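Heads up, there are several structures right after this.
In what follows, chain A forms one complex with chain B and a second complex with chain C.
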Partner chain A sequence: MRILISLLDGLLIGFVYGLSAMGLSLIWGVMKVINLSHGAVMALGMFFSYAAISRFHPGLALPAVAVFGMLLGLLIYGVAVHRVISAPHLSSLLATFAVNMIIIGVGTAVFSTSPRNIDYSAGTMVLGDIRLPGTRLLAAGASILVTAVLYYFLYRTRSGKAIRAVANNRMAAGLMGISPTRSLALSFSIGTGLAALAGGLVATMFPFTILSGSTYEVKSFVICVLGGLGNPLGALLGGLILGGIEGVVPTFMPVSWVPVLEFGLFILVLVLRPGGLLGEK
Partner chain B sequence: MNVIARSRVHLGVKGDAASNRHAGREFFSEIFLAMAAMSMWAGAASGAEPRTVVIGFSASQTGNLNVEGIRQINGVSLWVDDVNAAGGIPLADGTKVKVAAKFYDDESNKSRVQELYTRLISGDKADFLISPYSSGLTDAAAVIAEQKNKIMITAGAASDSTYKKGFTLVYQTYTPASRYLTGAVDLLMKSDPGARKLAIVNEKDKFSADVVAELKKYAEAKGFQIVMFEGYDTGTADFAPFINKIPADTDAIMGGGHFSDTSTFARQLYEKGSRAKMVALLVAPPEPRFAELGEAATGVVGSSQWEPAARYSKENAKGVEWYGPGVADFEAGYQAKFHEEPSYHSAGGYAAGLLLEKAIRNCGSTDTEKVKAALDAIDIMTFYGRLSFVVAPASHGLQKGHEMIYIQWQRDAGGSLVKQLVWPEDTATAGVIPMPKR
Partner chain C sequence: MKRWYQAGFWLPVAIMLAWGAAVWAGGEDAAREKAFTLIMFVGLASSLNILLGYTGYVSFGHIVFFGLGGYMGFYLMAVCAWSLPLAALAGGVVSALIAGLLGLAVLRLRGAYFALATIGVNEAARSFVSNFEPFGGSTGMSLNFSVYQQYGGAGKALWLTFALMVAVTASAVLVSAMIKNSRFGLGLLAIREDEDAAMVMGVRTPRAKTIAYMASAFFPGVIGTLYFFKNGNVEPGDAFQLHMSIELLVMVMLGGQGTVLGPLLGAVTYQGMRGYMLTSPLFKDLHLAVAGAVLLLIVLFVPAGLVGWLRGYFPKLRRALE
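Take a look at the complex of A and B:
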């Protein structure tokens, strides 16, 4: 029973990990940019969520966090990414790393590194001996909903199809009348929106500082490789695997074994399926 | 001596009357100059301009320890202002010595600390040192202080192990980590005499490991059964696997580590419906921000080095010599200068300076050996509590006199969360309440 409870706890967190990784995966899949400002944007999402949930219902506050993340993404794209989009990968890597350092530097000056907590409780769901915190259920539910909306957007809407076309062949999409710049900006914006929202959801469960995003950024990279870079559904699957490991392993092994197993699996996937579990072989 | 010798030469020279007159004028002018020089020297010795000693330290102005680090700097800075406003510290020769603080940002980074303390001692000629914040950084700094024969008063460095390395010039202001939670066991025995089962879950760092090692030993000696004794890595955010392992009939849960992980642990204990009658945790509960947890904070007990509500005063010093400002004076001075309520980190910074001040005053000198002897002998009551040191070589400099205060978050009549002092009984502002049913 203890293992079952821990597995459920881990899987619920895994959905949020998946949501965070989805943003990173989308940006890589469409524009081949490794966004090193991902963690910093997540941290800003945490702070926005902190400010918004103290004033509004989470039902209003969390969509606002996503919108904030998207607007921030447009700004980052315009200022730092657009000019280096066609340059070698190192340029965009350094550009997003610079954005990361700017956000952390300014964030430290403004917010300090004092941890903050959001005073919000969604109660506890009790099923016999199983007690699941409402915030985890809420975060998992929101992650599933956003994944569904993202898939609907990418596969059923004109803008989503344009993004997929640009991801497939930027030049060909341009020749077909699609504006690659618009699609690239939109996908970067959606990617950062997902990061900010994931940060906002994490903040409802755990305390955070402006430095907290880096932990989730590393997890996101691992998840992307596990699930398959560029595949949002793979990111969700990778998140669930990571969450499951983090939930179950400490029940019968010292917790210090968790990263050993996680990164062991990471290397195993790289060796056996370099494209990720749901990626191309 | 020179003047006299030269005069003898003049007097001994034979010559005409004019040359004798000339020699006489020269003799008197030299006497006059000598008297003028002596009067100038006497003026300097009477202390017209006090000497200044440099207090050097590194401070975490940036990085993950910047909040606690800045509060500690503020405490030291206020002490410097107070000493200098009073004209300085009197010495045995009747002069007074003023203090000047010299510090650098260590970026909360252990590798920067040794370089900065070397620079403070060699470059800035610091006379005395105060430690950086945290046991880890202090451990690195203490080595340099000892090598360079400089006294270091540590603030924000509770880990016992630092003082068991054979250092002779390092003195601790905080209550050692080994006594952080032992009082919570006494409190539990008093509030719930039937309690027998204790779970200990702690961060696996130097400080927390020191705390729980002694806690376990103490609790077992008092007849408690330790039903869980497990550590978690620094940076852990999900405590559900640990909470799921705590037996349902556990009477009390103790442990934690630093603010971030401990407040998460407290929150998840609440969300997972923990039925323990007492939850006593490290570091986070005394911080005002802990109240952001809302209902999850209610009933949580925490140990603190100092609280503004502490009732230390000249009147209840119990025969121990009182020194320095009262609690209200310190609080008012801090509020006026920094526009915030002082935390125990601020009080610790001020107390570190106060210890140095008292030792210099007692020995009447700034000589390292004399100040060391004075620190070894010190036993004072201050706004921060009692301060005295272990002087046995095995743990020289370990804080002996200071005691922890235990706080509990309770609801007041208006339903607001307030921090109450619940232990020791003579400083308590309210009785301890059992954890609310969840």
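Take a look at the complex of A and C:
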């Protein structure tokens, strides 16, 4: 019974991990860039939701966090990513890492590194013996909703289809009259929007500092690899796997072994099935 | 290919030895401490460059070899009472062997997948060592002060560590130059340009990549042992800093990847800049942001780094700048 509760708890957090990884995965899938500023954007999302939730209803604050993340993404894309989009991997890795350093550097100076906590409770849901905090249910629900919206956007709208075409073949899409730059900028901005939103949701559950983003960023890498880089639905699955591990493992092993398992699994999957658990071998 | 009797081959090694000798002759503790850090980063950046600059494989977690080698050497000194030079050598050899084994798996990955895998290896090593009791778990290990007696006191031990660090870094730079000017190095450069074409042309890519990976892991292992011996303690947080790994990449990029002199210039420039900003009241809080902005400007506008830029503007210098 205790294991079941831990598992459920882990899976609810797993949805949020999945949401964050989806942003990373989308950016990789469309433009073959690993966004190393992901964690920093998540951290900014945490601070934005900290400021917003204390003033507005979460139903208004969280969409605002996402919009903030998307605008930030457009800025990052224009300043740092656009010039190196066709350069070797090292350039885009370092360019996005430079953005990460700038955000963390300014953030440390402005917010300091003392931990903060959002004082918001959405009640507790009781099902027999199981008690689940409302914030986790809310976060999981928001993640599922956003995933559904993202899928609708990618498969049913014109801009979404353009993004998928650019991901498939940038040059051919360009020849068909799709503007690759617009699609690339849009997908980068959606990716950072997801990161900021995931950060905002995490902030409702756990205390955070400006440096917290990097932990979740590394988790997102693990999740992306589990689910297959560039596969958003796989990212959600990977998030659930990671959340499940984090929920269940501490019930029979010291908590400090969890990262050993996570990264061991990460390397194993990367070496044996680089396409991810869902992908082709 | 540049021959061993040309200036460009010896210049970086000569700079390192002259620098070390000058500090040694000066005999001041403060100057030694400053030079120690700089020279350490030159050694680390040069060894990263063997993999990154020559084969084009971006290792984001290269510091894992600094940590693992350092832990191994430190364990031998603290628990088995080995002497420093032997322990440092053993640290390097263990690092190289681990790299050889890891390489079998991760070197099959290319581009960003390899970069991600190296981050994973570093995090896995850190979390494993934090739980590994023989290495002291999350609190790490520290040296008994009496260890310094066999070197004639703590002061002399520090000078010995410095001399070894200079020697190791000079060898790292020398090996880097030798690899670049060898047939083997030419094979690595071919892998960087186009791995499939290199394979077709007869470069045994898996073997060449593995050797390059091992060579670039050996020196961080030795340097790690020296560094933690100087500190007197070692703990997982210090040994596997992902951040330091990325700073090494910045140094290599800043100086010019794929050149022998580049990592040397890059490490000195970056560390100098960081030292200045950390102490200046204006930039104290913003040093990370300024470093990020500098990195961004380099990546966007001077991708060839300092050495590449100099070579482009002054063709006459090409003989001297390798």
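Keep this in mind: the second predicted complex is superposed on the first by the 280 of 281 C-alpha atoms of A that agree within 3 Å, B and C clash if a C-alpha of one lies under 4 Å from a C-alpha of the other, contacts with A are read in each partner's own complex, and residues count from 1 in each chain.
To be clear about the criterion, contacts are C-beta pairs under 8 Å (C-beta built on N, C-alpha and C of every residue); 3 or more make two chains touch, one makes a residue touch a chain.
Predicted, not measured: the structure shown is a model, and the values here were computed from it.
*Asks:* Quick check on the superposition: with chain A as the shared anchor, is it clash or fit for chain B versus chain C?
*Replies:* fit
*Asks:* Going by the contact rule set out at the top, does A:Ser256 touch chain B (first), chain C (second), both, or neither?
*Replies:* both
*Asks:* Given the superposition on chain A, what is the angle at the CA centre of chain A with arms to the CA centres of chain B and chain C, as a multiple of 10 degrees?
*Replies:* Here the answer is 60 degrees.
*Asks:* Between chain B and chain C, whom does A:Thr209 touch in the aligned arrangement: first, second, both, or neither?
*Replies:* first
*Asks:* What is the contact status of A:Ser121 with respect to chain B (first) and chain C (second): first, second, both, or neither?
*Replies:* The answer is first: A:Ser121 touches chain B but not chain C.
*Asks:* Quick check for you: in the superposed arrangement, does A:Ile5 touch first (chain B), second (chain C), both or neither?
*Replies:* First partner only.
*Asks:* So, A:Val67: does it touch chain B (first), chain C (second), both, or neither?
*Replies:* A:Val67 sits against neither chain B nor chain C.
*Asks:* Is A:Ile267 contacted by the first partner chain B, the second partner chain C, both or neither?
*Replies:* A:Ile267: touches chain C, not chain B.
*Asks:* Mind working out whether A:Ala51 is in touch with chain B, chain C, both or neither, as first, second, both or neither?
*Replies:* Once the two structures are laid over each other on A, A:Ala51 reaches no partner at all.
*Asks:* Which partner chains sit in contact with A:Leu137 here, chain B, chain C, both or neither? Use first/second/both/neither.
*Replies:* A:Leu137 contacts neither chain B nor chain C.
*Asks:* Once chain A of both complexes is superposed, is A:Thr108 in touch with chain B (first), chain C (second), both, or neither?
*Replies:* So A:Thr108 meets both chain B and chain C here.
*Asks:* How far apart, in Å, are the nearest Cα atoms of chain B and chain C after the overlay?
*Replies:* Result, nearest C-alpha distance in the overlay: 7 Å.
*Asks:* Identify the residues of chain A that lie in both the chain B contact region and the chain C contact region.
*Replies:* 108, 256
*Asks:* Looking at the complex, which residues from chain A come into contact with chain B?
*Replies:* Residue positions touching the partner: 2, 5-6, 9-10, 13, 108, 112-121, 124, 126, 131, 133-135, 205-207, 209, 211, 215, 246-251, 255-256.
*Asks:* Which residues, counting only chain C, touch chain A once they are in their complex?
*Replies:* 52, 56, 58, 60, 105-106, 108-109, 111-113, 115-117, 119-121, 123-124, 126-128, 130-131, 138, 242, 246, 249-250, 253, 257, 285-293, 295-296, 299-300, 303
*Asks:* Can you tell me which positions in chain B touch chain A when the two form their complex?
*Replies:* My answer: residues 62-67, 204, 231-233, 235-238, 240-242, 244-245, 259-260, 263-264, 267-268, 270-273, 289, 292-296.
*Asks:* Which stretch or stretches of chain A touch chain C in the complex?
*Replies:* 28, 32, 34, 79-80, 83-84, 87-91, 93-95, 97-102, 104-106, 108-109, 214, 218, 221-222, 225, 229, 254, 256-257, 259-260, 263-264, 266-267, 270-271, 274
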